[in-house]
Amino acid sequence: MICFACSEEQTLMKETAAKLVQGAIADAAHQMDETGRIPDDAVRKFRELGTLLAAIPEEYGGYGMGNSPIMNSIILEELAAGDMGFAIAATLPALFLMPVMDCGTDAQKARHLADFAADPDGACGTLAINEPRFRFDPYDLATTAVRKNGSYILNGTKCFVPLAETARRIMIAAALDGTNGLFIVDRNNPGLTVGAREKNLGLNSLATHPITLTDCEIPADDRLGGDAGCDYDRLLQRTWTAIAAIGTGICRASYEYAKNYAKEREQFGEAIASRQSIAFMIAEMAYEVDAMRLMTWKAASALEAGRDAQREAYLARIYAGEMAMKLTDYGVQVLGGHGYIREHPVERYYRNGRGIAILEGMAIA
Amino acid sequence: MICFACSEEQTLMKETAAKLVQGAIADAAHQMDETGRIPDDAVRKFRELGTLLAAIPEEYGGYGMGNSPIMNSIILEELAAGDMGFAIAATLPALFLMPVMDCGTDAQKARHLADFAADPDGACGTLAINEPRFRFDPYDLATTAVRKNGSYILNGTKCFVPLAETARRIMIAAALDGTNGLFIVDRNNPGLTVGAREKNLGLNSLATHPITLTDCEIPADDRLGGDAGCDYDRLLQRTWTAIAAIGTGICRASYEYAKNYAKEREQFGEAIASRQSIAFMIAEMAYEVDAMRLMTWKAASALEAGRDAQREAYLARIYAGEMAMKLTDYGVQVLGGHGYIREHPVERYYRNGRGIAILEGMAIA
Amino acid sequence: MINLETPDYLASMRSSMNNLAAGVLRPIARKYDAAEHEYPAELDMFRGMQILGRPKKKKADAPKPDGGNGKPKKGINLSTVATIEEMCWGDAGLLLSIPNAGLGNAAIAAVATDEQLERFGGKWAAMAITEPGSGSDSGSITTTARRDGGEWVLNGEKIFVTCADRCDIVVVWATVDRSAGKSGIKSFIVEKGTPGFKLEHLEHKLGIRASDTGTFVLDECRIPFDNILGSAEVKKDTEGFKGVMKTFDNTRPMVASMATGIARASLDFTREKLDESGATIDYKRNLNNVGSLEKDFYLMEAHLEAMRLLVWRAAWMADTEQFNNVEASMAKAKAGRQGTLITQKCCELLGPLGFSKEHLAEKWMRDSKIMDIFEGTGQIQHLIIARNVLEMSGKDLK
Amino acid sequence: MINLETPDYLASMRSSMNNLAAGVLRPIARKYDAAEHEYPAELDMFRGMQILGRPKKKKADAPKPDGGNGKPKKGINLSTVATIEEMCWGDAGLLLSIPNAGLGNAAIAAVATDEQLERFGGKWAAMAITEPGSGSDSGSITTTARRDGGEWVLNGEKIFVTCADRCDIVVVWATVDRSAGKSGIKSFIVEKGTPGFKLEHLEHKLGIRASDTGTFVLDECRIPFDNILGSAEVKKDTEGFKGVMKTFDNTRPMVASMATGIARASLDFTREKLDESGATIDYKRNLNNVGSLEKDFYLMEAHLEAMRLLVWRAAWMADTEQFNNVEASMAKAKAGRQGTLITQKCCELLGPLGFSKEHLAEKWMRDSKIMDIFEGTGQIQHLIIARNVLEMSGKDLK
């Protein structure tokens, strides 16, 4: 039956994630952004919750409790309300493993899922979708894969690949014969070069790298899903839903900070919130954050039901992109000059928020 | 030298037009909208100012004082502040004659300009550009002209043709061999059918008609500019500038009515203008109306200097389209429930304002 | 547990309501837009239908609103807003003209005594709140009700009364004690034909022209004492007034759903034209790589989805007995404004087809605009939301 | 007579300023964005240039602002805003770091005595107005100046001081009589190194990082009596304060022009990418028939044109001795807001190129945001405009 409220289990996980963020991230987020480092400890604490292991089937060493895009969305919102980079880093192995779980051949599942289950803290894999060019579109990839006997030869350039430097494997999105596929490349494949850490507008706590593929040859078995290929649509649906969840988290954080500031900050002898121009921005933030969350949950509900979520995930994602631009800007504007100073987190939300409309495939729901 | 203020002559004409509107139109505009009739008297009063005759060269019976797109813009804004339909009806002969003046062959000028100069109150011509279809574009006309010996054969459908029923001649925009041309068709050409008066969202005071051209044959001499054709770009630049001027007039009228209403109307014991949500709408209307006017004048200045105004006129026109949507909506919103009632003119401005983005070639600057 | 999948029962209800709207309302939408104020006789077929989930007869006969078990009837608010969306996809002005489904009927159903239900339950009841000097400020009502023996004597003027001409009775808000402020405000049932009760004129409106909106003047209008709805007592606190206002927690999502239905009609028509022109709407390509029409379409559809979800949440909260005052205003604020933006953007995208009365797009734009105005303007909704989330009083945040 | 054609002298000035910006500022824009607070030594070349139309030495030597005939020098405000647009097309943070061109210098040039010009004319002067508790509310200043014999004793804290580290002197706003309200507010020149005058810290900012913004603390800071700018007398009316505020009628169009320059940089880069990708920008086709990127581009360019025209009008009015208080706020309100929208929309349209520091688009978005905030936020500008056009007092419209 239709329901707009969390179950006890969902509430519990939401609160756990919120508590973790409150403890390990909230106060450190500014420092993380300035230094470009996420404390290992914080990531480990999240991994200890075992959300990913829980989703992995028992036969591959997981708890076999099934995967819940809704739960993933709830968690991502909470983590992103702390720091977007942290949200991505903490949930990263899923970015590589979930596609394997969704579409991998039995052999791929046996290998990669079991690898992870055996060493959940070890370096795992990451996903490379974005390409550094104008008019980039995940449905119009310039990176190509060509079949050559028992191999695929990959060529192209990727960017914004999270933690590429330390990943053991990288899942590469590439065009193949007019369709799109995913290809698993070992980090030390000689045809793959990981470039120096990128400098970006936002997402500064997270190390992202460009990748170059030069006649990069991989065994045909490392095409995700084997010869049948993978469900690329569904992968994008899941990443779009995740981006929408992250956007919701960032906007919520900006909204809450601005709301509290507006109540406490006085000008002309009254709280600035007593002015409609400020109050109405707060009101709009309030309902648009809710709308973003509902759009995310709508897409996640479709995914959870096993339905095709193309429409819902796309709409959630473009809505989140538009609103993240608008609302995090409001957050800065409510604070005025103080919003322009990096010590106030609305500044970080503003920069990170701009990534929601631009970045692809940085998390998965 | 650059100058943002009217000269004495411009001020005088502006005030004359404003006074005429105040006297003959302002109070009658609602009735005109409801009944669909513009008093002949009001149109005659405007025509008596002789603005069009003044622009026609002496050799064709005019006063030879030259044409001023800036002055035309000033006048159109004032007339449209009274009623958009009136602004079009009052300046209508120009829509037919200005292209003749700009691009006509000597024979065409001699015939049409002199005809008008001899009988300035008589039925003259009108212009047919719009076509009743999705994705209509004046640069992508579906109406076609084909040369056949000493004739052109026209085929197609036009809509929103002002006063087509009473016009003696209709200037038709049609595609010809990959370019666009204008063709003068007699009202009683057997290949031309003027349909019943249209029912439209706005512009209700003005009679507009659809036109059907079925193998409509005209002498080759009736192609505007003869075999050389006309400067279609410049024609559109001039009509775009005019539409921008009309949009400015409508928005200014909506702004002024809303402003006065907000000062006078009390709620919760205070003028509603004392609330920022209302006051900020008024402020935005104030500077956007000014911006619309400056954009219009910028395009008109380029036209007046004889420069190509493609960029300026296009920008003025799309800006006016966007702002007419936004500002006339604000006008209704400031009045709340009262803005929804047709007795308040903001309702009419709202409907007419929607035409600014949609309609092509209804006036000329 | 979060689940936003549309339940089957709701999907099939939406589908049948859409058929009804397409078959009955859509075909006569233009006719009654042109014939302003004329009663749409075709709507008589709805007279016996409980289309908006409101009990139409006296309480004893009515289906229990509480399902008999003390809990509200399952999903009645959600079903209602879903129905409203479909009906307004058909035509909003006509939905507002459905017999015996006026706001006054809702008020009567909510608080009338059995005796009052007996007398008025079968009648078409309008609601008269707004006054020339009040607007969105319901607390500043100046129409007075003076007690005189076994009668109330009403004096004042009421504007913007929906169904003013067609209704049988009007629920009139008046104050019995101006010094008591909001607590003094009560509602009274006035029957058409009562001496001193005059329908002054009907309004000519931008849109929803099928709906008759009028002004009433009450001049020493005498009605029986029993025609008061609720208690005649003036309480010190404003609980009574809050109770009256609470009606709006239910009606705001309804109006928001009307906006959603109209906007969807506009979008559906635009989609149709896009499809005909060979555009591909596949929810796949990056917004930077599609045509301008497609981008606008996608963004509008996203906003439409947001509108509907906010509406459904507010309705679901009412169905699950949660206080939804803020969420109702959120739905109304978002849908009212966005409905206006979507319907007017569609006219722009449709070009000549959006300006001609040959098509309904221009009408949807006119109809939609009222949704950001009545039952509290967008500005009022933002105030309600801001005061709530900021925890500020009406005095601190005016 | 209306004529909005750009005069030749202005066109050629724009062109040479653009060359300067492209040759000198643009190449080091990223360097000083990364090296926050580091002084851009390359800007020393501007030390002798009168780049913003301000006299830099004592009055007698300076070019007459009135051209010697009692009328203002022709077009100096217009030339200044046009120059600023070009320089900010190069880099806004660097423009704000040009030596001896601080807001304080403008204030000194406007009201200093010859003796003060002699002492301070050649120095780099910052301006200190805002306090932790004041923001856009200049009238509520709490920093005090107490007279003690031949000295003033200043106490208080000043934030958001541009060029805080690099300047030689600071023009500090303080009140000599809090009970006198706005009339009590005066400005004082405080030299770096004065005991009790301490640069507390520099801010880390979202954008314009090349510009050093800092906080000063004044603790029993003693300065000579003659360091007051203007009269020490506290007048009953607020004319004195209005005079101080009038500085902003000139600076608001300047800030608006900064926003215009940055937005144009973003648009030019986007245009370049559009051209490379084969798009046609010919200002001809109906917006419904172009790609989504092209439509967004056209609309942004229209808004950019509107920004510039509002700025130029305000400057032209100043040049022709017209009171331009409202028009200055209109330019600032429009350009501040729209500059933010354009630069962030460009990032969105540029996709990955708009998020990477490989390109300047992301920087322009960060830089632009301050233009809607400093010298009065967009909200304050709307208030000023609304009060003026509605003819309402600050009391009636807060």
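Assorted remarks:
Each chain gets a letter, A, B, C and D, in the order it is written, and its residues are counted from 1.
Assume a contact is a pair of C-beta atoms (placed from the backbone, for glycine too) under 8 Å apart; a residue touches a chain by one contact, two chains touch by 3 or more.
Note that the coordinates shown come from a computational prediction; the quantities given were computed from them, not determined experimentally.
Note: the chain lying farthest from chain D is C, by mean C-alpha position.
Here B-D and A-D are compared, and the pair linked by more C-beta contacts is B-D. In terms of their C-alpha centroids, the spacing between chain B and chain C amounts to 39 Å. For the pair chain A and chain B, the distance between C-alpha centroids works out to 52 Å.
For chain B, the set of residues that touch two or more other chains comprises 135-136, 275-277, 280. Looking at chain D, residues 286-289, 293, 351, 379, 382, 398 sit in touch with two or more other chains.
Every residue of chain A that touches chain C in the complex is listed here, in rising order: 1-7, 9-10, 70, 74, 135-140, 233, 236, 259, 262-263, 270-271, 273-274, 276, 279-280, 282-284, 286-288, 290-292, 294-295, 297-298, 300-302, 304-305, 307, 310-312, 314-316, 318-319, 322. For chain D in complex with chain A, the touching residues are 130, 133-137, 140, 159-160, 203-207, 273, 276-277, 293, 340, 344-345, 347-348, 350-358, 362, 365-366, 369-370, 372-374, 377-379, 382, 398. Per the touch definition, chain B reaches chain C in the complex via residues 34, 130-136, 159-160, 198-202, 265-269, 275, 277-278, 321, 325, 329, 332-333, 336-343, 347, 350-351, 354-355, 357-359.
Across the complex, chain B is touched by residues 1-7, 10, 78, 282-289, 298-299, 301-303, 305-306, 309-310, 312-313, 316-317, 320, 326-327, 330, 333-334, 379, 382-383, 385-387, 389-392, 396-398 of chain D.
Contact residues on chain A toward chain B in their complex (touch as defined above): 275-277, 280.
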